[in-house]
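What follows is one structure encoded as structure tokens, with my remarks underneath.
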Amino acid sequence: MNGDWDLTPDVSRKQRLGFDETIFCASKTPDQINRLLEMALEAEEPLLLTRLDREKILALSSELSGHLDYDEVSHTAILGRVPIPEDTPRVAIVSGGSSDVRVAREAARTLQYYRVGVREIYDVGIAGLWRLLEHVDELRDMRIVITVAGMEGTLPSVVAGLVPGLVIAVPVATGYGVAANGITALNSALASCAPGLVVVNVDNGYGAGCAALRMLNVMQRHSLHG
Amino acid sequence: MNGDWDLTPDVSRKQRLGFDETIFCASKTPDQINRLLEMALEAEEPLLLTRLDREKILALSSELSGHLDYDEVSHTAILGRVPIPEDTPRVAIVSGGSSDVRVAREAARTLQYYRVGVREIYDVGIAGLWRLLEHVDELRDMRIVITVAGMEGTLPSVVAGLVPGLVIAVPVATGYGVAANGITALNSALASCAPGLVVVNVDNGYGAGCAALRMLNVMQRHSLHG
Amino acid sequence: MNGDWDLTPDVSRKQRLGFDETIFCASKTPDQINRLLEMALEAEEPLLLTRLDREKILALSSELSGHLDYDEVSHTAILGRVPIPEDTPRVAIVSGGSSDVRVAREAARTLQYYRVGVREIYDVGIAGLWRLLEHVDELRDMRIVITVAGMEGTLPSVVAGLVPGLVIAVPVATGYGVAANGITALNSALASCAPGLVVVNVDNGYGAGCAALRMLNVMQRHSLHG
Amino acid sequence: MNGDWDLTPDVSRKQRLGFDETIFCASKTPDQINRLLEMALEAEEPLLLTRLDREKILALSSELSGHLDYDEVSHTAILGRVPIPEDTPRVAIVSGGSSDVRVAREAARTLQYYRVGVREIYDVGIAGLWRLLEHVDELRDMRIVITVAGMEGTLPSVVAGLVPGLVIAVPVATGYGVAANGITALNSALASCAPGLVVVNVDNGYGAGCAALRMLNVMQRHSLHG
Amino acid sequence: MNGDWDLTPDVSRKQRLGFDETIFCASKTPDQINRLLEMALEAEEPLLLTRLDREKILALSSELSGHLDYDEVSHTAILGRVPIPEDTPRVAIVSGGSSDVRVAREAARTLQYYRVGVREIYDVGIAGLWRLLEHVDELRDMRIVITVAGMEGTLPSVVAGLVPGLVIAVPVATGYGVAANGITALNSALASCAPGLVVVNVDNGYGAGCAALRMLNVMQRHSLHG
Amino acid sequence: MNGDWDLTPDVSRKQRLGFDETIFCASKTPDQINRLLEMALEAEEPLLLTRLDREKILALSSELSGHLDYDEVSHTAILGRVPIPEDTPRVAIVSGGSSDVRVAREAARTLQYYRVGVREIYDVGIAGLWRLLEHVDELRDMRIVITVAGMEGTLPSVVAGLVPGLVIAVPVATGYGVAANGITALNSALASCAPGLVVVNVDNGYGAGCAALRMLNVMQRHSLHG
Amino acid sequence: MNGDWDLTPDVSRKQRLGFDETIFCASKTPDQINRLLEMALEAEEPLLLTRLDREKILALSSELSGHLDYDEVSHTAILGRVPIPEDTPRVAIVSGGSSDVRVAREAARTLQYYRVGVREIYDVGIAGLWRLLEHVDELRDMRIVITVAGMEGTLPSVVAGLVPGLVIAVPVATGYGVAANGITALNSALASCAPGLVVVNVDNGYGAGCAALRMLNVMQRHSLHG
Amino acid sequence: MNGDWDLTPDVSRKQRLGFDETIFCASKTPDQINRLLEMALEAEEPLLLTRLDREKILALSSELSGHLDYDEVSHTAILGRVPIPEDTPRVAIVSGGSSDVRVAREAARTLQYYRVGVREIYDVGIAGLWRLLEHVDELRDMRIVITVAGMEGTLPSVVAGLVPGLVIAVPVATGYGVAANGITALNSALASCAPGLVVVNVDNGYGAGCAALRMLNVMQRHSLHG
């Protein structure tokens, strides 16, 4: 009886929503992940894994983990041929401090898995505003800007006041005191006076990537009649 | 010195972000609103006003308020010719209980102001799931679905699991006990297991409308090259 | 004086409430648990132990722990002959993600200890709603449905809108950001628009099992006169 | 466009869940309630209305409100012939202070609407424990005990330790300081060391009534085979 | 015994801290305020009153209130000759939306009471960043910049990254949803990545003014030896 | 400069408040504790140490720790001759579950240090109320009853409704979900409907002991004139 | 059925706990209070009423309210001959700002009802510390000091560090921003570094008075043997 | 792709704000810190590092860490010649308990890095008020007093009522129960009744140092004209 429940993946997700089920490894045992990798290898299907930390990847069957392209920063892995993104980036990912990068990269890897071109602009926190302002023209050309920010979470509001595309805020659980769990950055984005800023859960780089995909997929489908 | 500060509207917003500054009336005195209406009438520019409740509209100069198209449900007003929306709706607005309608209508009026066609589907709460399932095909054709929900806020998660377009959740401050201020509905949407759901502040129908506009504007600009 | 307090179990609980005192191991030292096991073995009484994690079971006297039937997933142990449940399940336990199983199993083992037949249906999260809808008829026949859900906790509300039996929600502390400690799932269940949904504490699979037992015991006693 | 949305009641609720849709008046305008009353009168169907405060009942069409049996304490109204409850009570409702009665009565009226016999025992707060202990034998005979308590919410835990039936806690938003919004009473019930206590939202007397109905309906259906 | 307690003002505050005791009217009855005004008039001493709303000033003895210079926006009053501020402003007060002005003006009036020159720059919210950037040179010359911001509270962090003087953040209780009580703006300022930003309580314009005074007084005393 | 700050104990505390300064070890390094022990040994003064966990006592100089009487359950140590308590207990300490004992014992040891006779009654939680009721007569004779309770914290309210002496509630950080950090037990005690119940911080057994001492010292001083 | 529940006062409270049941009027209707007053008048028993605001006393039967000694500041009323307190105060009540007086007076009136001599020292807030220090000698002679403080709640900690008697903190819901609901003052008292400070709920002057009574009653009973 | 992002320090910070960018090590990997140290050594520029705990300094390249002056208490390091502070202190740092020293020292080291003379006065908690009062004259001569306090955070309010200079409160995350994460100390400082007290984030000694620097820099620039 111990732990061998049937895993019933959401097989129709691709056709329903436009993207595959992704393996959120934080809540799975190595055994469960091993089994999911085997199923995917057998079916010759690619797979994205998130929240796969170093201890857990070492606990996987090495035969299976050898098939993974692992990104240490974002704790993501891709099974199968790593897709080559399109040439021109349609999404920018912007972040402030060094601890935001792990979340920013989770969004980037999610989009890379679907071949979307991404422009990553890190270390442009608001404390030195000139660093962001140098990139405004570039950002104004993007369809989507994903802003990743911990601490007080100023970056999304400033960006959303400067660029016309869809701006998605990803709060980050970084800092200390009132900033410790990311709720301050979250609430700051939600309460933003910049109109039309949308928000996902704290640390949810994957969710921001999926939201961008939803929009890009819609654009693809409706590209002829806008 | 009493209260006559210069009002310096964000005049370049249209060209920067693609939409006009909107008057958030909840934090303005009738005098301030009168002045802004005069400025807009002189410049022969349309104007959207939100959170204009019944007491405040009665406190405006009747000469000015006579120019307003007022919607009692959403507490919004439009100055100038009320735009006629396009024929085919590109955005659906879905809500559950009767107290969500005031917020849903705020989003609808915001989009109407920019001539966007909107399909409003109200009273389809999850407690009677069949009511929502009857609309799934229609919702799958929309570019954007704005889901408006108070109480436990189940609706956005269910919709985001069923349709491929961009799904925006607007939590509503309704109910009592743990639901009273909308934070439960907010957190429910943020924590959703449905991938790519994005969220705005509690009661922020206007913000959801603006996010939809950002996406539709991008689609317009990029309609030829996907 | 160090740690050897008299343990005075609630000996009349069985006759008062209809079920035995259970050992909640999270707040007990291995020595205390050893003593309780000895007392039960001497009295030739069965015993249910909950929240007995792996480190703690290894710290018990191996002579005593050898008498335990241990379930790794739910961290429960049964002392004495493991009861064989009745043939026809009267309670269903439904859960969404893989991290909910440890809590769902705690409820299942609690009921199994009292020989109640349980139908376990896992991995039917709302993000792929079709998985739940396939089981609706089966669920409608149950006297009680225990729904176990972390993240945004949508599952209990949806189930309670579909089935007529008593529906008990067990929120789970899983996920991250606003979902981290299970309070979002808890509040979502409490604020549910589905009428008559009842709730227990976060992660309290044991409590949900006991509530089900209370109802089944009442039914047993009153089975002749409804 | 102002406020005349179609109302689409959950018509299959009776057959799906075993009870009618009830009108939660707190989030409805008098016009909306008037329309719902008209629809019910035409269909010659009974109707339960909750959270109908004095101002709102006075704002209804007096022709329609004349058909209502109104209970000032619980702010509930029943349209149609008021049901006569069964002789022997199967549910007890127990509360402590005088401000809990409005919520206790909401549960009582919900059950009365479905003809369930209810035993109401009020003013038996824990500060004078003897008052509750005098009723223990009576309470032990009930299928269900609904405990209604504000302040620190001790009552549900004490009752659940004394009686074998299903015990439902309804926290009440009464008191001041840390007790003001009912969350202390809610958390106290959720964290109870008494096994199998189940909980509904703050002030949700209606929800507790519905949970009791779910259990009684199951008993009715399964009365022959326990 | 009813309400006539002796009032014992903190008479040595001026010499200890460098400023007078101020009357915080929100927690005082009109009678108490009347008595304090009489005492000040008799002693021929000036007095600053804060949080004196319109109802309360009308409830004062009109003979006494006739001596007050009242500012409707900030709800402050000055008894005695209104001081003429110095020519060159040493403190700037910067705010975003229209609802921040009442708090900004409380700080301004506090400083005016002590003859400090103040430069008020309102309506320069971050959603239209160009409005603030136009004032950067002016702000860099100030000894102190008081930033007043509600909603998400971005303004203080941006200003503190641009100017070298002491920057004091005053969060404002404005907006709705997560912004409603000013805690989001407060936490945003506290968690700021801009170094050396200091913060006062929500809506505490008076406190920000006093902090500025502490610094200016120190500068006065130590002006010869820096 | 590394860590060798002068320690300036509050030397007049005994004469001012009636009890010695106690060493709260949780926030001190082993070096700091070593120094304080040396100072006390030199001065031939007794000393009470709290929150001294096992790792830390092992990190002390063994020469110094050899002088300590250590209680593993409460993590307290007494330097010097362990006082023999008076014969007749004047304070009772009552607790529910097994995880409350560590806090109950901290109170007991604090009182023992001052020779106060203590009656310890553990494992009398409310879920089996009869266990407490058996002790009511004994408790009614006590000057002070310290109630120690985690989870939902019912015990203090029930005791305070049964006995006339001073009742002090010590909430305990035990349990899970809404009970995890002791705030539910704390708020339950603060909101108690039993009149005159007083409360100390979560887990603060030492504080409860000191409050009892304050009262006993006053009684000693005033024993002749009531 | 409307609102005429039997009122079953806790008749044995006097003999059990040493004081009468008191009428907490905030949660009672005028009718309920009228009936309780009639019962007390008939029985020729005195009665203390708390939280009886001006509107409610005007809504009572004037014949009954004419028997009340009403205190406008504390919203308390005494039915029957107002007791004359003993000559020498045994309890001091100390408070800071003017808005604390309503709570301080509730404690004072509670004690007065039982003839306890009280020394009231108001307006001695910490911002002007000299005002408190002037009273230290007087306070050191008291058996009990009740400290009443809103805002940041510093007063209880400072007093508890200066006097040896039992110190009871009553937090007050005054101020704004983080101080608005009294929780900051409450937590400040609970977390105090001054040993043996005990705390009651926000605004609970009555509870502080009862705690003092418990201690004084014990002293009375045990005055001969300390 | 793994983790080698360009680091783009805020190079104009010195000239814009008057102080260097500091390396907040808590969110950086050893590799990132190594690279920043190399860059600074090459450029022959000094550098301040904060939140560099013992494990992390051991994980640095020993060649590089050999250049650091490390303070174990505050977890700060200075690269380059350690500055010799000016003779006469202009800033005092005052703290209460032993666990506040780590934060107090972070402020001290920040100021030392800029050669500011600092007077450190530790272990003067409010529980023994005489210890603080002995230093009042000295503190009144300081331009700035940084108060560092955990637990209930009384110290800042008391100091701000006694001295005329700028008083900055740094709350500390110490203690347990309601004090555990420093929010009680934070709110206590924000709600202070002492006028003009300013606050920084919990544990933010560095921020308090920077705020002091802002003020001292302004004084330097404006020393001739007050």
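All chains are identified by letter, namely A, B, C, D, E, F, G and H, in their written order; residue positions are counted from 1 within each chain.
Keep in mind that, in the parts below, contacts are C-beta pairs under 8 Å (C-beta built on N, C-alpha and C of every residue); 3 or more make two chains touch, one makes a residue touch a chain.
From a predicted model like this one, the values you see are computed outputs, not experimental measurements.
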Topological distance between chain B and chain H, in contact steps: 2
In terms of mean CA position, the chain most removed from chain A is G
Selected from G-H, F-H or F-G, interface repeating B-D by over half of its contact pairs: F-H
Just curious, how far off is chain C from chain B if you go by their C-alpha centres, in Å? 43
Any idea how many Å lie between the Cα centroids of chain A and chain H? 35
Averaging C-alpha coordinates per chain, one finds the centres of chain A and chain B separated by a number of Å equal to 27
Set of chain C residues in contact with two or more other chains: 16, 97, 125, 127-128, 161-162, 175, 177-179, 183, 186, 190-191, 195, 201-202
Taking the top-of-page definition of touch, could you list the pairs of chains it picks out? A-B, A-C, A-E, A-H, B-C, B-D, B-E, C-D, C-F, D-F, D-G, E-G, E-H, F-G, F-H, G-H
Considering only the defined contacts, which chain D positions touch chain F in the complex? 96-97, 125-129, 151-154, 157-158, 160-162, 175, 177-179, 183-185, 187-195
Residue ranges of chain D in contact with chain B within the complex: 1-3, 5-8, 10, 12-13, 16, 21, 24, 26-28, 32, 171, 173, 181-183, 186, 201-204
Hey, which residues of chain F end up touching chain C in the complex? 71-73, 97-99, 101, 122-125, 127-128, 130-131, 174-180
Listed in rising order, chain H residues that touch chain E in their complex are 16-19, 22, 143-144, 161-168, 186, 190-191, 195-202, 206-207, 209-215, 217-220, 222-226
